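Each in structure tokens, the structures are laid out below.
Both complexes below contain chain A, partnered by chain B and then by chain C.
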Partner chain A sequence: MTTTSATPEWAQLTMSPDECARERSRFRRHALKPIIGFLGPFLFLWTLFLAVPMGWATWLSFNEGGLVSDAKFVGFKNWTTFLNNDELRTAIKNTSVYVVVAITVVFGLGLILAALLNNNKKSQNFFKVALYFPLLIPPIMAGMIFFFLTHYDMGVINLLLQTAGQDRVNFLGANPNALMTIAGLEVWRGLGFWVLFYLAGLQSVPTDLIDAGKIDGARNTRRFLRISLPTLRPLMLFALVIALIFNFQLFDSVQALTKGGPTLGTTSIVWFIYKQLFTFQQSGVAYATSLALLLLVVALTIFAYGFLGHRKDGLK
Partner chain B sequence: MLGFMAASVMVLGACGGTDSDDAATDDTAASDTGSSDTGSSDTGSSDKPFEGVTLKFGKAPHGEDEKDNWNKWLGEFTEQTGIKVELTQVPWDQLEALYTANFASDEPYDVTYQTSAHLTLFGEQGSFEDLTGRIAGEDFAVDRPNFPDGVINASVYNGKLYGLPFVVGTTAMFVNKDMFTSAGVNIPSSGDELIKAAKAIMKDQKAKGNKDVWGFYVPRTVADYGWYWNLSDVHNRNGDFLSADGKTATMDSDAVKGAAQYAADLICKEKVQPENGLYNREAAIELFKAGKLAMIQDEPSRVKTFKDEGLPFEWDIAMPVGYQGKATQFATTGHWTISAKSKNADAAWEFVKWLSSAEFNSTYNQRYGFVPARLDADASGGDEMLARNASWVAVWDGLRTSPKVNQLLDPYGQALEAAASCKTSVDDAFAKAQKQAAEILAG
Partner chain C sequence: MKVLADGDGQDLIALERRSSSLRSAKSAASYAVLVLFTIISVGPALYIISPAFRDSKSLFSYPPQWLPSEFFLGNFQFLLTQTNYVRWAMNTLIFATGVTLIALVIDTLAGYAFARMQFPLKKTLFGLILATLMVPTAAVLAPTYLLVRFLDDWTFGLVGIDTFPGLILPMTVSPLGVFMMRQFIETLPPGLYEAARIDGASEWRIFTRIVLPLMKPAIVVLGIFVFMLQWANLLWPLVATTKDETRVLTVGISTLQGQFVTNWGVIAAATLMTLVPITVVFLFFQKWFVQASVAGALKQ
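The block that comes next holds the complex of A and B.
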């Protein structure tokens, strides 16, 4: 006959409060290890390259100097200076026009080309590579290509126009041509990326929905507008946010092609920041403007989510 | 954002990185093929007291062949002194960004070349050593009298000399002599004569079937530093964009507006210069070389280039025309600076003395066509055109250095470009510039 203990087995597992605290702590340490292991490298880089510079930039926006010379606290002076700057107002206007034009054109063309490629499997790979290729070209090199394309005397476009009996166009030396030329350059560079992006989205549209549309007698255009496009809405929201962030940082093509001219016609917000920071050594004004640009992009991102993200009538 | 990127650069710079060195690695040329030991102590013998020292040297180029020339020149310097010099060519269009990052680091260039637009911009922030004491020293006593006081004084700010003047810039008017001969007109010496000559040449060329020929070109855009080419005419009219004490903006003065009106009239009224923005500076040089432009104002460094290339027509240089015949020369001054953080400041001074010597000044300027800052250097090397260019220094009236000069020249350049675009009146453009300049000076 087996003797059994009067105490149940589970009761033997009971720990004293001290033991319990020790065990909880040990468990937490154990659980934290992989979290730290996975997040640590990212957090280290994020802190070094984003959090610390952002914190420093915020501090320097309330100072004069701080880069080459010692920082001198000036309160809100830099913020009032840049808010009253005429050139910055022009830069905000130019950048906004550019963002609207570039995003509208690149998204429109991107969607159309993606839809065409989606229906044309045969030569899809060739066009994917051909469209993506401009993005691989360094921005300054792309600027040079556009310079020679749009040159008044030697540019390919003007030579073609002359051959066709048309007047030459001053692409980079007159307004608003210069800003539109820069938008054209950025559309050309970014188009391939957005075509591939939307193509991936179109290829993920459930085929049963498309088939159901066909059975109901919907034609290609109607199926695209009523089935494919609503399905792409979450993707478009992401695309819009990314495009806003990137396009508000317009700089490379301005530097390569126009240096902000003619008559400030292509001065962008980041070009303004660059001039303040390096050409004029007004680092406080530059940092204050940088932070304001960050806040502007965050506000636009929230607006974009509000505009597209909260719509319930689309397919999810 | 750019500001945060710059902050990141500064974080790395503070850790001892020399970011601009990395950025321009491909353009770096060392004067010696041996190992680089920047910062090594001065352990040389008495005739070569700095033997073994390596200096970092930053300079924006005046010509495409400059890097090759520096390899040769720096080799000679190393042979003479035992000091090795590592050259980094700093591109003009990235100069301010690269120098900002470099001067913020712990190991900036020991010696740099700075124009008067940047000398005090960085100097007043503590980047450069004040050379006042060094040029008064015994080891410079023989050289000092060769530097005119007027040239030195233009580079002094608040009693400090942040760089030793090396070259005094000039500009020249390049003329297509064949076109002048064909039209039967003389090379102009005043603004009115220039308009008449340009119109006569355009008419003559048109009659010969050359429709696309222009009379004159000088840059008027911000991108091509329009102010640089226009300020001589302001000086010709006895004015400037700043008061003599540098405390008051005078951008709405008669002299400034008169010079801008003349510049705008050449394009908008007289139509002897192409529409602003149609051709940038380099494109206009190509026009001149192609025989489609009668006169172009540019830097004399083009003299040797044009001679080497062999233009297919007779050409010459002339003094840029002046208001009512009064002609002054305007340009920035080029200086050699020593970093305030240099660990080898004495060796750097040795290098600056060598760079400023009559011998090197002659060699450099016989190639690049600038006027030497010292009187005993020969910039012509027997070249009659360059000799004539050097003689124009007698009427030189250059840019006074000031830490805010870059900021002030921006609204000036913007106003000039706006007026030359034919869409804004000179009065409106420069009233706005005056307001902006007053705010800059008040800030």
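The block that comes next holds the complex of A and C.
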């Protein structure tokens, strides 16, 4: 009797397996409720405006119509048209040339200016603000500003050339000038960003490494080439991937300056998608091209994340 | 011996002097390069002031006229009376602010959930969202457009082409924002809210009373980042709007370009009027702007 007197109390504290399962699910529901509140809004919009469009685009790339008329399944037809489309081939070629030119120039200049700024501590802030300024300007308006520089009749550069008795340059009406002008616009607008990006990188190069270089008698240039640059390498590779992804989406400056012309000379991949979709109503081809662009970007992203691990030991 | 040592000292001083003059020549050269690029950066935008205050015909005159001969206000007058510039500017403000506010709310909430809460499939879900981090607007442009057109019917015209919800909502989804917020919340010391949790505070209370006040810098940086991105956005507004009632500045200004004749003075005036306010805001908050753009890239 003395030993069993505690049993009823003890039994109240335990649960049968049934009760236990019920309690567990009740607890889970209770714990899940705030999660739905916190995660729900983002997840809903993400599903609706990112996941669904991506899935839909995949499905529609195997269909004809879909924009105005009903979709009709045509298998890989869009993909083969898309691969054999001459205009698209030109667009891919133009975009690639643009990307290579713009990135090479902007990276080279950005790195040089960042290095100069890094040694010029006194007025660093002024130059940072000045170089950053063009980034404020939306690309379409930067395009308008560029008209006033490069227009054949009223552009400042041509007016100066004319005043100096030189021949005018047809910046926008001839190939490959037009594409180079667009690359110039991107360099002008983006330069400040890369200068700041590299400057942040250069300032995070451990000072003991630089001091060690100084003690060993390495000059400024040599210290930059042999110490700073190798430390920055992971950051630069990563920046390269971001710049590639960003620049492959060339559209705004084409819309502002050339509308794809002269004779497809500045037609870019996104411009091609836009045209196919809204001018020619060739939606299937547009979806296939969109997906190809997406796959390209995903491939570049995976590449970028491959370097992410290395990036961390280069910084901080 | 003493004399020699003195000579050595003289040599050293001379060497020092020579190298310091070399150094100052070098720094003058680097200064010149920086000044040159400052002019290149700021000059073209400053030049816009001249054509904005000139009659478009005078832009094509030869010999060139660099500065306005008179204070011509016709371009601004045209812009304010003959076009819907004010409407476009308002729309840009509604669009960019709307996207920024919604994005900030959903990103901080989701960032908190991913940083501090435990739930099934958390890792898988976060991985899926991260996978869409780099999806460019251009690549999902066509299906998003199609979706918003369909939503027009399904939501009885609430979300659709030529409506603000249709313009704003698709742009609010940025996995990058969630990622940035999660990273930031994870750096906060967990002791702060573990005490509150033991005291029995709900997740919502912990979030609003403890985490949110600490997140101000991250919120400002993300806010500027999103606003800058959206106020410059052309592609989506171009596709999602067809009327002046919802058209934003970037689209509006591109419609000023005529098929055959373009009134360049008006375009210069519109560009100038758009750039002045943003430049003023930028000069006040430049540190935050710079931080936002670099943080955006470094955290990607």
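By definition in this document, the second predicted complex is superposed on the first by the 250 of 316 C-alpha atoms of A that agree within 3 Å, B and C clash if a C-alpha of one lies under 4 Å from a C-alpha of the other, contacts with A are read in each partner's own complex, and residues count from 1 in each chain.
Keep this in mind: a contact is a pair of C-beta atoms (placed from the backbone, for glycine too) under 8 Å apart; a residue touches a chain by one contact, two chains touch by 3 or more.
Just so it is clear, the model here is predicted, and its values are computed rather than measured.
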Message = If we overlay the two complexes on their shared chain A, which of chain B and chain C does A:Ala239 touch? Say first, second, both or neither.
response = second
Query = When both complexes are superposed, which of chain B and chain C contacts more residues belonging to chain A?
reply = C
Request  = Could you say whether A:Tyr152 touches chain B, chain C, both of them, or neither, answering first, second, both or neither?
outcome  = first
Message = On the A-aligned overlay, A:Pro53 touches which partner chain: chain B = first, chain C = second, or both, or neither?
response = both
Request  = Applying the touch criterion given at the start, work out whether A:Ile35 contacts chain B, chain C, both or neither, answering first, second, both or neither.
outcome  = second
Task = Check the residue A:Leu264 against both partner chains and state whether it touches chain B (first), chain C (second), both, or neither.
result = first
Message = Once chain A of both complexes is superposed, is A:Leu277 in touch with chain B (first), chain C (second), both, or neither?
response = both
Inquiry  = Let me test your reading of the model: by the given contact rule, A:Ser290 touches which partner, first (chain B), second (chain C), both or neither?
reply    = both
Query = After lining up the shared chain so the two structures overlap, which partner does A:Leu172 touch, if you call chain B first and chain C second: first, second, both or neither?
reply = first
Ask   = With the two structures laid over each other on chain A, which partner does A:Leu113 touch: chain B (first), chain C (second), both, or neither?
value = second
Key: Touching both chain B and chain C, residues of chain A   = 48-50, 52-54, 56-57, 60, 67, 151, 153, 249, 251, 255, 270, 273-274, 277-278, 283, 286-287, 290-291, 293-294
Query = In the complex of these two chains, what residues of chain A are touching chain B?
reply = 48-50, 52-54, 56-57, 60, 65, 67-70, 81, 86-87, 151-153, 170, 172-174, 249, 251, 255, 258-264, 270, 273-275, 277-283, 286-287, 289-291, 293-294
Query = Tell me, which parts of chain B touch chain A in their complex?
reply = 1-8, 10-11, 93, 96-97, 100, 103-104, 121-122, 125-127, 221-223, 275-280, 283, 286-287, 403, 406-407, 410, 414, 417-418, 421, 423-424, 432, 436, 443
Query = Once bound in the complex, which stretches of chain A touch chain C?
reply = 31-32, 34-35, 37-39, 41-43, 45-46, 48-54, 56-57, 60, 66-67, 109, 112-113, 116-117, 119-120, 123, 127-141, 144-149, 151, 153-154, 156, 159, 162-163, 188, 191-193, 196-197, 200, 239, 242, 245, 248-249, 251-252, 255-256, 270, 273-274, 277-278, 283, 286-287, 290-291, 293-294, 297-298, 300-301, 304, 315
Message = Under the stated contact criterion, what part of chain C meets chain A in this complex?
response = 27, 30-31, 33-34, 37-38, 40-42, 44-45, 47-48, 51, 59-60, 62-64, 105-107, 109-110, 112-114, 117-119, 125, 129, 131-147, 169-170, 172-173, 175, 178, 202-204, 207, 228, 231-235, 238-239, 249-250, 253-254, 257, 264, 267-268, 270-271, 274-275, 278-279, 282-283, 286, 289-290, 293-294, 297-298, 300
